[in-house]
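Both complexes shown next keep chain A, but they swap its partner, so chain B is in the first and chain C is in the second.
Up next, the complex of A and B:
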């Protein structure tokens, strides 16, 4: 049944947020107008005024949380040891967990202990950071490899004159269009040992049944299969965009010069796709590395062995309520991705094009 | 400057775009003729891929139609024996599901509107101006994409406790819109870069202010990218689970559908039909929206320096 009162509450809640945001933006712009236009008479007034709301929003909702998390990572905050670490002097003791004993601020800081623990103790109940790291590498490499391979393959097939082209394209982007929580819940039921479609289809060709949900190895395989299904359309669409940006004149010229199909692919298509693919692969790596949905929902928080680093961070920090340790662990994971990104950006100069205006 | 002149400018820009002068949107694909054998092979591969994609979707429909006594069936039939719409009825009339969908819709619309406004104005500054800190700003926008979402859950929750906006959808719009801004701004900046600046310059010469040339000329010409960014922001908010789960709290009627759906899974261990019916309700509108916008999907999503 539809609860009109609750719906109205939701509507006013969101409306209120939008109103507050609008007022904040007007205030910011008014201040900037006075400072930049009236006082400094700056020629750069417009771009700064356009940038300000976004930048301030990002600083508040990325900057502050990151600082807070950094502070948290040096504490032993958990559900039983709860105290505001004192950043900016804001306290909210007792507002969140009534009746929780509050620790004194002095005994909650543990220095670098959490960071040491990440590398020397099991980060989850039984699983070490090294195992999660290895699994994350396998997870990311296998997924991105298949996303790119299948994405490029399908895009090449779709990028030609043929009947049913738009129809195929509409079907093939379905996994991207379906909300991921819904599709993952469905995939989970289809991996059911007795009643899921996957095992029944395998049975038809005389294979299986495979213990997708209970065996660590097969659970990991199930996660990867699901995520390949989910991720190919994004790569396909990006590649299709890149392919369509290649002028047909190049191919015509190559044909006149007597180039074979293989030659025009390796000498025209691939090099001209590069500026699209290089950032797409980096973005795909971020999305895969940071993908918490698939491990969380396919595995339904049962097998620790199916975790990758980010779902491990969630489990350690939030499910096992070790907030301080979880924060340190999160920074280690972030550092790993950052190191990879710096290496990748150096190798490929991926960001160079963006800076030219 | 009269509205007429602006309209003419925008129309001129559009026809230049459609002619493929700055965005090869209408570029007809492929060249030459493939041999019949090759064509058959291509269709075969595409059909097999489509089946892999569509089969799970068909299964969801058939599971949703199963009657209560056949939940645990090993049948692979597409229309199950004794098919019934009970599950759809249950979802619509015997749970808070309609409220969840309504809440998600409101949150997603709010998120997408705020996200697009913030991102478009920031992207304009990055695309059309050079200033000190521009490079750092662009790098930071990209770098935010590296931050795992789980890393920010606890601090954002704390921040919302401080602001007093937990236990409702109030904070969600804020969290979703801002986390979507960097990627959106990046996409929009890439698209703005491809729009020739001489159209805006012409508008300026005719008496538009810079701000007017932005929203009267550049914005209408960037509809494909704006539509894509709106869709992405909408989807991100529509299907998000972790923040919603923590921030909205326990009032069932105020939750969004991902939180409710996961609770379904827990409550009715074997009620796969209910789950499937709910999944269909939340997916079908989005799939239609996606396919409708998909003509923009290829041209609007500009990654890297693709210039026409």
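Up next, the complex of A and C:
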């Protein structure tokens, strides 16, 4: 039976939250108006006023948690030491107002020990960071390769004139439109050994059954298959947009010059898709590298051989309640992605177009 | 605001003669009750009914029942820890015994010795909620939570006498092509390993109660027995999580299942007649020894500062564990009461299913509730899953790996290290 009272309570809570946010935005804008328009008479008042709520939201929702986590990474906060870590191990909660000196209530500051442990101890029950890194590389490379390959292939097909093109486009974008959690729950069920659709379909062609959930290799394959299904529409839509921006005049000229279809693809299509594909591949790499949804749902038996770095961070920090260690581990993963980004940006000059005058 | 930021940073069959609900304090209070109970066996509905009845008798009290998982995602444990850290925990938990370890280690629970009469409850239930210094942090709702053998009497006439008879009965009822199996149980969780380990004479901890003893011949034998059921005798599905095992038995596609007493209520209402008995003794070994615990109320330390709230929470606990309510719970969920007076009722002693459950409890051993158990469960889970995944699993190596992982967890600096 529908619980109207509970629904009303929930809506009231949401409404109050939105009201508080709206009041906060009005106050911020009022202060900025008084300072920038009335007092400073700044020409930049409007841009600042438009950007201010977004900048403040980013600082609160991203900046503060990042600083908090960075501080946490130098502490041994875990279930035995479940206290407010303070700044670098110093806990002062309650002491400042009482006029007492800044003092450590409980010393949980461990310096760089968590960072050392990430590289010298198993980060999970039996798995080192090096094994997780290798699994993440394989996961990312295989996924992005198939995302790009299938995305370009399907985009080339859909870019041609054919009957039912709109229907096919809608069908292929469907994995993207379904809520990820819902589709992952369905995939997890379909990978069941005895009762899942995947093994039943394999049985029709004389293959299988495959232990998708319990065998380390096949569980990793199941994760990759699921993520390919989820990720191809993104790459296909991006590529399709790029293809439609290429003028048909290039192809007409190439045809007059006697170019083959393969030559047209390699000499016209691919080079002109590059400005679209390179940022898309970078984004796709980050999304795949940081994808916790697929390993979390498809690795239902929590096999450490199916974990990647981000699911390992979740497991180490939250599931195993090693909050300080998990924070250090998270920053190590962040460092790996940062180094990759710098290398990729330099190699591909992907930002050159954006900042060139 | 800062509390929310911290969270952002870290990331019932019912109504059977329930007695009159006492009216209590008059201050308006509201609190959340997080429960691990689910809808499938009617237990979540039972919790909600208790809350509704209590609120009807106490219009000043509002109880919001929230369902949280204890298996799989373990959202109850993890969320309670994070919410407590953020300063906004639920006031009351209805959960399993093993949470007492991490929650008391983190100092998240309210001591209850001066608020509840421990003498009203079975001693084993009370002791499961006590820390080594004798402080009580929980109230037993029911005793048990133990694994036992359920069998479909249309397929298996009587409880197998020993493990050989169990295998024989399972083989006779297995037709993998038709999708029927002789035996099913949850294959990805070490709670199901513990009885077999005990059946081969193994224990999880040494006598000191904290040193893991997993790298033993008994562990390798227990893992081998479980692996053989799946790959040598072929009487089990290759991959069965809790839901699949439960569904196969309920649908009459599995002759026997090993499951906890928490399913006795729903299984006794199936279209076929069931039998219940302890897991049969291992040939050449002993009786399998499942962990015995139960479900418990635990109170957040956060209610200590609010007298009216604390009073309402304690009054609800007393109501939910009163004799009449416990007997109604027995009727509804078929769970053995924790209330001493209710436990001696004829409705228990004269019921064959409950008598079978009580016999299974006799074979059980108390589930350790210290923090070390958490790491040992996690370590054993890795081995149990690897063992269930392959006919070629090396049980001796798996036992050694489990031990190494468990030792790392309880070693100084490990997340389950003793204080």
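Going forward, the second predicted complex is superposed on the first by the 330 of 357 C-alpha atoms of A that agree within 3 Å, B and C clash if a C-alpha of one lies under 4 Å from a C-alpha of the other, contacts with A are read in each partner's own complex, and residues count from 1 in each chain.
Keep this in mind: a contact is a pair of C-beta atoms (placed from the backbone, for glycine too) under 8 Å apart; a residue touches a chain by one contact, two chains touch by 3 or more.
Owing to the predicted nature of the structure, the values given are computational and were not obtained by experimental measurement.
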{"item": "Partner with the higher number of touched chain A residues, chain C or chain B", "value": "B"}
{"item": "Contacts of A:194 with chain B and chain C, given as first, second, both or neither", "value": "both"}
{"item": "Touched partner set for A:243, first chain B, second chain C, both or neither", "value": "first"}
{"item": "First (chain B), second (chain C), both or neither touched by A:30", "value": "neither"}
{"item": "Touched partner set for A:339, first chain B, second chain C, both or neither", "value": "neither"}
{"item": "Touching partner for A:318 - first (chain B), second (chain C), both, neither", "value": "both"}
{"item": "First, second, both or neither for A:174, with chain B first and chain C second", "value": "first"}
{"item": "Contacts of A:65 with chain B and chain C, given as first, second, both or neither", "value": "both"}
{"item": "Partner chain(s) touched by A:302 [first = chain B, second = chain C, both, neither]", "value": "second"}
{"item": "Where chain A meets both chain C and chain B, residue numbers", "value": "60-61, 64-65, 68-69, 72, 84, 194-195, 314, 317-318, 323"}
{"item": "Residues of chain A defined as touching chain B within the complex", "value": "1-3, 5-7, 9-11, 13-14, 16-18, 21, 44, 46-48, 50-51, 53-55, 57-58, 60-62, 64-66, 68-69, 72, 84, 90, 92, 95-96, 154, 157-162, 164-165, 168-183, 185-190, 194-195, 197, 200-201, 229, 237-238, 240-245, 247-248, 251-252, 255, 275-276, 278-280, 283, 286, 289-290, 292-293, 297, 310-311, 313-314, 317-318, 323, 326-327, 330-331, 333-334, 337-338, 341, 350-351, 353-357"}
{"item": "Complex interface listing, chain C residues touching chain A", "value": "5-6, 8-11, 72, 74, 78, 81-82, 84-85, 102, 105-108, 179, 187-188, 237-239, 241, 244, 371, 375, 378-379, 381-382, 385-386, 388-390, 401, 404-405, 408-409, 413, 415-417, 419"}
{"item": "List of chain A residues in touch with chain C within their complex", "value": "60-61, 64-65, 68-69, 72, 76, 78-80, 82, 84, 121-122, 125-126, 192-195, 209, 211-216, 300-304, 314, 317-323, 325"}
